[in-house]
């Protein structure tokens, strides 16, 4: 059973690499959707396991919420935002795509070396799952940095949140229920606010290129 | 089995099955377009036809042009010897040569193909050679890391030892390292054998050709040897993927000639299925722009590097 | 009764959405903040008498001790002052046509939601719920920062929400690691509860706890404006409307700092010595002060100047908490109070100046003393106060912190701090000369205060910071001593 979680964590890491190698905004949203489905699958299996062993249904409820929010609602919201701005494909990045993907490799190696030097973190669960999950967090952050369009930054933030959630899932079998609910509500509101702001930016600046937001300096 | 028997069976199998793969792929693509397409054995007829025709050699070319087809074909055959189609026919001590030799042999063949493309002095040949150089230099790190990981897992660099170990490990394809290696090898096959999304094998527009551009000037038996060499190379890669990651010999409980025949039959079945899979991938993708191919190569390198890394994360065990 | 503190802002938000006239909006706002002030007085007295206030309802999540009540009282006080100031400020903007009724209602709803989330962050003992509340403060104030909806405000709001959301997500990772380090040590009803963590601090897994501290420091430090995560602060604080800037600078930064202090207390108790957290806090604090000093010298926008000064003072508090001696913790807590009062007063003054001159540029606002006698004088005195001049209160706390640094033996850091304070004073003085002298070229602006209640608030504040600089009431000093002993874990 734990090998199933290993494979799932590897697939989730792979999906964040695929996200990095993409250029089209619609593919960002699609890849995010696939990643969320994988996470929901992991949460679902954990939930079923915890129901059979301990009789708690909160992990299953969380799995259900993930499906509703991250697989259905948020991609729909992003698609609506995306259809109102005119940029469909990103043309420039800070480096070219193979260099970005190699940098993500370096991030995974870095995570591996950092986490393995911390004592006390290996008891009770697998090294591979936590290294993969923390790598997803770092790759999400790097994705935010490397994209110049505002929608890319929102997707990067969502991948960051995915990574944090999956770290919590794999390492502690879920945070206390109320904390998980709070995380979801916060994330949903954050994405809605960011979506509204992208509308306003596109309206005022006639572009969603973040490089143009450079008037406030010093 | 002794060396001689191994060499005979191996060469015969590879030489006989290689054109079949191309035929299956073309047939599946034709079906997807609601055509009947050429018969599956068409490539055999084509090769026979080409061998009987005379060759036309340009008088500005040198010995490289005439030597290249033989070079390509012989390196393909030599590589075919290193990757056994079934571990039941391998000699008791391992085959001399490991995966580094395999990659180098392919590089030798590729070098001669590129040189021959330049040799005739035509623009399309030179263009094809330079593109081939770019793509192969991007694809080689990927295949080296991939095979290196497989070697690390099985504790040996010889390919048949690797295959024997994979049979014994007995893990289904659900293992993370196996999945990553599978995806990496699949993308390497796409790049090395000039399939969509890297290079369309059925194109007739010279500006979009990569592999075909280098063969543009050849005719007669030279062309037959080049095409045959490419087909054998493709089969070698497919055998690598199939026998390393989806081994079948551990299920055969008998011994003797019957077991060998059964093993070869299952191998043929696996090859046909993989050919259909490759055809499906070709149908569902489009050819990438030339400067987007580094993206694909980077992704392929990532897959193999991740497989390498995940193997360490699992504590260096493959169960 | 403590639950009323949480309920009143929510009821006010509900009432706001039902009102139809601006007058009612203003009335509800002032009533709500006034009521909260009165309850606050009562609850503070309870905390002084009994040491802490805890209710067992709803799973016992409500919890107030001396540390929480200090920061909370600042929120209530400044919230009330800002509510009174906002009335005339918004009316003036409506008169000039910049806002309409819907915008004013949005302002009040968001402001009270903002206050609610900050009160929530400070009245819980579950670190997870505290995290949720601090994330919610970002969300509630995002549209407040972009309130005026022009290009600059939108840019500031986007930066604010992206940087702070990423920071808070990093803090979430820290809370996960904190949870991880306490598995097996705490029972399942007390997970992530601060009091339980302090009790069992020795039993936490050290490696994971240290990792958790780093993530929480970086995460909450982003919200608190510590360098190098401070880049959103000058933009957000200068583009938001002035009363909101006062709330952001005076109150929100404190709440984020509070989170860091709670975490540092747990980790220090676990490690047995404060060297690990101290090094990190002092490094980030000094970096913040240096960054602020460099940028203050070349500022051309007075609201950005005030924002950089906030970064500097948060750095000072971080350095104080880094040293972790009793005197430095006392100095740090006192500095929290003094900085909040002074900075809010300064931002309210700058709001009056902005409304009169309609520009934020230092070179264009000349002769403030003639045109705005009360606010101008307060602005002048306030700028001196924030730079650390006696007899104002910021001087007392800065002096105390310096003394504790020298007592702890770090002469190098103490000397560097002294030099930096001098540089910052010079920078503020340069800006002062530009704003307050000259005045013959300014025409077309009539002298006189537009915002009479606001001016009275400013007057009150300046009297407070003057008086507390000379002598602090006994009960407050007692509270601070209590809080210090809670943090030190004895």
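In this document, chain identifiers A, B and C correspond to the written order of the chains, with residue numbering beginning at 1 in each.
The working rule: a residue touches a chain if its C-beta (ideal position, glycine included) is under 8 Å from a C-beta of that chain, and two chains touch if they have at least 3 such contacts.
This one's a predicted model, so the numbers in the text were calculated from it and none came from an experiment.
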item	value
Chain nearest the overall Cα centroid	A
Farthest chain relative to chain C (centres taken as mean CA coordinates)	B
For chain A paired with chain C, centre-to-centre distance based on mean C-alpha positions, whole Å	31
Length of the line joining the C-alpha centres of chain A and chain B, rounded to whole Å	37
Whole-Å gap separating chain B and chain C, where each centre is the average of the chain's CA atoms	66
Residues within chain C bordering two or more other chains	none
In the complex, chain C residues that touch chain A	126, 128-129, 131-132, 135-136, 138-139, 142-143, 146, 149-152, 154-159, 161-162, 165-166, 169, 172-173, 175-176, 179-181, 183, 191-192, 205-208, 211, 234-235, 238-239, 295, 298-300, 304
In the complex with chain C, residue positions of chain A that touch it	118-121, 124, 134, 137, 141, 144, 150, 153, 157, 160-161, 164, 167-168, 171-172, 175-176, 178-179, 182-183, 185-186, 189-190, 193-194, 197, 200-201, 204-205, 213, 215-216, 218
Chain B to chain A touching residues, read off their complex	174-176, 179-180, 183, 294-295, 297-299, 301-303, 305-306, 309-310, 312-315
Complex interface listing, chain A residues touching chain B	3-4, 6-7, 9-11, 13-14, 17-18, 21, 96-98, 101-102, 104-105, 108-109, 112, 126-128, 131-132
